[in-house]
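The letters A, B and C name the chains in turn, as written, and every chain counts its residues from 1.
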């Protein structure tokens, strides 16, 4: 693993303490504590239904936990708010691709820039001054991301027509367009073939490497997780059963039990 | 006080009629997730066809009704096949707009065949106060309304049996719960939908006959559907008991509002009062009285 | 062969984001505008102005308004006519009660009133969606018409509820003839259509489409769903309000609240569906279609000698049938067909 200047792992920037979340009696997360350090690649693994996606949803405020606190960049709070999370630089992708299906690839990625827009509604309607300049500036940034993720050939294609693997990439592009400091990736490689996985791995590592983006990812492919992540948390039935470096987790008896069965 | 009860009962009884129309909506919505805006047009179509057959062809009422029933069932099946089947898996709103199209089509078709005049439909039930009640309590309760309510009650009971006790009903409920799952255990989805549309056509016929004989068979019958909407909002789109309770609440409250609030604001509030009531309710409980709470997942 | 973009290289993002990126489209649009502004006023008859062109333009504007809400922001509305009514009656009262009120300002204020009503009735959209929202917009429809009918102040105590639009005068020039009114409507519609196009190609438009396509994801990437929806309601109602005012002032002249009924709302919804959801151009196609269809049908009925009552019923059936047809076959309406035609033309005569 390369050790460029940007990839020096820093302090803890996000910390969840004793978080519990339930949906009408069904417990999704039980008393979970979890932290993320700056610039690291942090993985969450676990069997289906272990509460991995719920954990991401708690981090960026889609779900509001009943108990516990979240400390983000020194500020302790009961829960996060999606808008505030986006504003403070948290971007994410979804397990089931959540692209805007009626729009082109370009427009989808442009939506990722929405928080950078300063021009008012009236300026945009008149297409003058600041509105127009911002549009061009954002387009330039978006084109860089398009280059970075190699999406040039589908730039103006409606996303509904794209194959699955490309859609996943467009979703990553949309998240990157926000120039996030923390990126939450929910199964970015699910359902991909080996080549697509390799591409995606490269994009994730490059993002981390070039922009210093902190990455929290959920992934099922053990090989990938163990290869690219700095630390791994293991969830099972909404509880955390292991946490540490890939090697520590690999040798954790409880994790082995959860993955190989009780015997 | 007596007047209050008179208004209340009249309202409840007309609420039963709203419930009857709403029931047609619920049936289709439960089984296929389609909000059938054309239910009102189906009511109109059924009533007009019955009267038309009777007057133009000189058939007796007891012959005209079964023929109309067949027509309605065929219409339901045709709708399912021609309009909805090609739209399977489209957005709810697309389906909804298709049924608006169907509304216009049916309205045009009915009037093209039978003309646009108001026709009288006589079921042999008179709209007079029940003497017995009038003697006892002094209240004016329409005999017609009571009989209509009884017919509705029988229909609802029959539907409840159909839904809960028969094999078809079990299939219907399975489809309502989960299309994919129902399909995978071998329930013929399209047959079930056809049955539902046919039943909804039948319910429309009953509603059309009752409404038609009360207010005359005319274009305004289609507006009954607009009354059924707030009923559905109150009761929830998927609940049969909800449709009935919602109908009663809307019927009673709109009559009471018209009588007690109407005079202060110039009258005519029946048109929008149910909607406002339903809306206020919506903001408090978006899934309706008996509807299921939907948890949105991502 | 003529319709080619070969050789038209775009070297800046600015030229790539213009409204008509292909040069031929720009020339065609220019030609259409020249014809509309300069040629038509000299050749069209008063009948064509007042029976076809003026209603076409006004309905286009209303359809454009609804398209912003339904096609772009994904919020269905069955109360379009109510917002038109607010625009018309508000403009009327501004003209009536404010001495020296310029008519264009009255239209704009009417549109703003409609926008405010739109925001008020759009509020439920924050908690409810789909059919529930459709029902709530129906409430708008009934409530607004009832309110305008029952409160005499709105109609200046007119016994029948009918208002007569005031004379249109801009900078001393009176717009009396159908030809002059046509030019006024055309000018307003062109400006508003351009503004709408700008909105949908910038952030505000993308926010609408994002909320339409997946509101949870929109929220997560930083759009404020509430603000976005209410902006769509406001802009849409503003457009409908202006259309309603033009309907009163430039088309019918005298109007009662009941003219803005549910039937009109449905008609405008049909224009949007047939023309193309989420397309500015489609709004114009749809309006043209719905305005021309009854005229063509009545001509056919006239020629074949069928009774007149047949026309209106056949019209209902054709409307209904076409809605279903378009939803099944081409949900993006005439605008999409137009686009497909253009794509074909670009490749012609080498289709492969």
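One rule holds for everything that comes next: a contact is a pair of C-beta atoms (placed from the backbone, for glycine too) under 8 Å apart; a residue touches a chain by one contact, two chains touch by 3 or more.
Please read all numbers here as calculations on a predicted model, not as lab measurements.
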| item | value |
| --- | --- |
| Longest centre-to-centre distance from chain A, chain (CA-based) | B |
| Chain nearest the overall C-alpha centroid of the shown protein atoms | C |
| Chain centre separation in whole Å, for chain C relative to chain B (CA means) | 33 |
| Centroid spacing, where centroids are CA-atom means, of chain A and chain B in whole angstrom | 48 |
| Computed distance of Cα centres, chain C from chain A, in Å | 41 |
| Shared interface positions of chain C, touching two or more other chains | 216-217 |
| Multi-partner residues of chain A (at least 2 other chains) | 62, 94, 98 |
| Interface hub residues of chain B, defined as touching at least two other chains | 298 |
| Contact footprint of chain C on chain A as seen in their complex | 60, 62, 82-83, 85-87, 91-92, 94, 98-103, 107, 110-115, 117, 119, 121, 124-127, 131-132, 134-136, 139-140, 143, 174-175, 178 |
| Touching residues (chain side chain C, partner chain A) in the complex | 12-14, 16-17, 195-196, 198-199, 201-204, 206-207, 209-210, 212-214, 216-224, 231, 278 |
| Contact footprint of chain B on chain C as seen in their complex | 74, 76, 124, 127-128, 130-132, 134-136, 138-139, 142-143, 146, 149-151, 216-217, 262, 266, 269, 273, 309-310, 312-324, 327-328, 331 |
| In the complex with chain C, residue positions of chain B that touch it | 35, 82-83, 86-87, 90, 92-94, 96-98, 100-109, 111-112, 115-116, 226, 229-230, 232-233, 237, 265-269, 271-272, 275-276, 278-279, 282-283, 286, 296, 298 |
